[in-house]
Amino acid sequence: MKTLALTVAAVLMASAALAAPVKVGIAAEPYPPFASPDAGGTWVGWEVDMIGAVCKAAEMECEIVPVAWDGIIPALTAGQIDAIMASMSITEERLQTIDFSDKYYNTPTVIVGPKDMAMTATPEGLAGKILGVQVSTVHEAYAQKHFAGSAAEIKVYQTQDEANQDLVAGRIDAVQADSIALDAFLATEAGAACCALKGAVADDPAVLGLGVGVGLRKGEEDLKAKFNAGIAKVLEDGTYEAVSKPYFASSIYGG
Amino acid sequence: MTGFCQPHRIIMALVALALIGWSATTLRWDWVPDYAGLAALGLWRTIWLLVLSAALGLMLAIPLGLAQAAGPWWLAAPARGFCTVIRGTPLLLQLWLLYYGLGSLFPSIPWIRNSDLWPLLRHAWPYGLLTLTLSFAGYEGEVLRGAFRGVPKGQLEAARAMGMPRLTLLRRIWLPQALHRALPTLGGETVLQLKATPLVATITVVDIYAVASRVRQDTFITYEPLLLLAVIYMAITGLIVLLFRWLEGRIPSRVA
Amino acid sequence: MTALAGAAASTLDLLQLAPPGWGGNLLRGLANSVLIAAGAFGLGLGLGTLGAFGKLYGGPVLRDLLAVYTTVVRAVPELVLILILYYAVTDSVNQILLAFGYERIQISGLAAGIAVLGVVQGAYATEVLRGAIQSVPVGQIEAARAMGMPPGLLARRVTLPLMLANALPGLANLWLIATKDTALLAVVGFAELTQQTRQAAGATKAYFTFFMAAGLLYLLLSILSTWGFARLERRARRGLPEVRG
């Protein structure tokens, strides 16, 4: 028994001693155009490219690990991954549990609904409507805080894709999410046929956060400094623009 | 030797108590009052989904079992096929096929949105209930097939010889005996059905599992809600086991 | 009619094995599912064998602990157990390592999935194997002992072969449960068949097509397994008196 324990410990130490790549967690649920798997099984999108660019700039070897979005913070704290780059906004709530790097993008939050339904992105405008959001996002928190009183129901989905799908199916009246993600949805055939942009929600930095950053375990200052340096470098040397160009017409770095 | 209060059991009970005491004092439970109302609603939803799907599933399982045990081939084959498909594929996949698969077909069938059923079809729970019912029917149909076959032929022949009409024979003799034979497995199947209910949370039905997930996401507390959830499911399982033990005790076993 | 033919053609395009078709992804997912199911089934068999012997021949404390294990696993939904074990196991391994001054290690999703489902399978396997061991006629074992057969040979030549025939139906059932339970790992984001299907469906919006295709794959797996286990059981029962239930 003792020798077994020693062997296990030796194997574990050996695997830890090998310069392990930084495991960057992304959400296992497709979130186009930021990160989604293609038909060949590889992950593509702006955020995937950005992970590559930031890691290269910071001279780190990174490995992308898809993790269920609703368990991505426990996966980080449990050590299954070392960093989160999954469009996760920097919020007060999350800062109590994990740490963040500087932000690497910031976009407004919008509401999309059926073309033929009158609606605005305000509590009054959503009165009696069924609103869909993705689980454990700032959008869910925002909807629970501002729209729970007036909306008929707030439905929580595992993935944004599934919320969009139910909007197309007519089972919900509106979805709330990041403007880029919903632009991408409205550009699809199904999205263009059914739905339209209904406006941006009023900002609430306490809930919506201060942009998207790299999520890190608390106390890992070295890794944080590396990511910050990498983000600063790609912004400075034009890599950020080069990576963004195929995806977006204008910069999404935001103010 | 056979008594419950053996020395080691007392020590184990003390260890268990110490564990409970430790988790009550050192883990975080301050979120419980905030979510108690939501949890009660979720628990209620879990229970009626379980009860309704098991009851409806059993009703569906009777013709399925009967068709396989004694039906002509054109009834037995589809019944057998249904049970094979249900038992051969994961429940999660069946659920997503019915909810998202059917949902993706809705936009191409405009009259559905104008039908009277539409308000119902917009909700998620009918899909959850339907999937759970079909699943229970599939598994229990297989059990009842054996149970119907297991009823002694002599009983049926005697009833037929007395000139009993076929429906009465089914209602008075065949079905009660088959159900009695199936009762021990029915309890087990009901526990399995309970364990299947949390899957409906993945299609936006807010059951007790979904409430625990909500707590995890709101508070970033990982284990405590899951531990409490496990305890709740164990309590419901205990109740189901007791209920079926009571049922089995009440029904006389003379017939076997 | 042409619309129907068009729909059939586009469905086939979606399911093509090479990109841009998603069929390759589904098959990779299926391979992952089978791998996890096999690993979990194997681990479950190991745990179940230990558990069964512990329950039958262990001391009172061991027996009660095993009873707690099988009761808890059989009462709590797999989904909840998977979440608890998935995070708790990796977390506690790392906590222990850190406490002893080692670096934290990465546990792959595959290993975690196998471990978690294996623990669940172990509880059910314990009951199946215990029943099978008990059903071996005592007279056979006593006869072998009386002939002076050493315990190892006795287990290999008498107990195990006799037990196997009785255990196979239960084990076949467990294997089917293992293949279907791998779908639950979709909830923790592991790239097995159901998760791959969900991604393909989300990307192409062809939800119905992909869920049906995955259903067929699972069904095929289950039918093949059932057939295989039936053959095995026939082999194992050769030379044994016919049982009537």
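The chains carry the letters A, B and C, assigned in the order they are written, with residues numbered from 1 in each.
Here is the rule we go by: a contact is a pair of C-beta atoms (placed from the backbone, for glycine too) under 8 Å apart; a residue touches a chain by one contact, two chains touch by 3 or more.
Owing to the predicted nature of the structure, the values given are computational and were not obtained by experimental measurement.
Most remote from chain B, judged by the distance between CA-atom centroids, is A.
Here B-C and A-B are compared, and the pair linked by more C-beta contacts is B-C. Note: centroid distance chain A to chain C, computed from Cα atoms, is 33 Å.
For the pair chain B and chain C, the distance between C-alpha centroids works out to 21 Å. Centroids of chain A and chain B (each the mean of its C-alpha atoms) stand 36 Å apart. In chain B, the residues touching two or more other chains are 100, 103-104, 202, 222. Multi-chain contact residues of chain C, defined as those touching 2 or more other chains: 83, 87, 187, 198, 205, 207. The residues of chain A that reach two or more other chains are 74, 77-78, 162, 165, 168, 190, listed in rising order.
Those residues of chain C lying in contact with chain A across their complex are 19-22, 24-25, 28, 83, 86-87, 90-91, 94, 97, 100, 102-107, 109, 112, 187-191, 195, 198-200, 202-203, 205, 207. Considering their complex, residues 60-61, 64-65, 72, 74-81, 83-84, 87-88, 176, 180-184, 186-187, 194, 197-198, 201, 205-208, 211-212, 214-215, 218-219, 221-223 of chain C touch chain B. Taken together, the chain A residues at the contact with chain B in this complex read 70, 73-74, 77-78, 93-94, 96-97, 130, 135-136, 140-141, 155-158, 162, 165-166, 168-171, 190, 193-194.
Note for the complex: chain A touches chain C at residues 9, 12-13, 15-17, 20, 23, 27-30, 32, 36-41, 65-69, 71, 74-75, 77-80, 159, 161-162, 165, 168, 188-190. Chain contact summary for the complex, chain B toward chain C: residues 6, 8-9, 12, 84-85, 87-94, 96-97, 100-105, 191, 194-199, 202, 209, 222-223, 226-227, 229-230, 233-234, 237-238.
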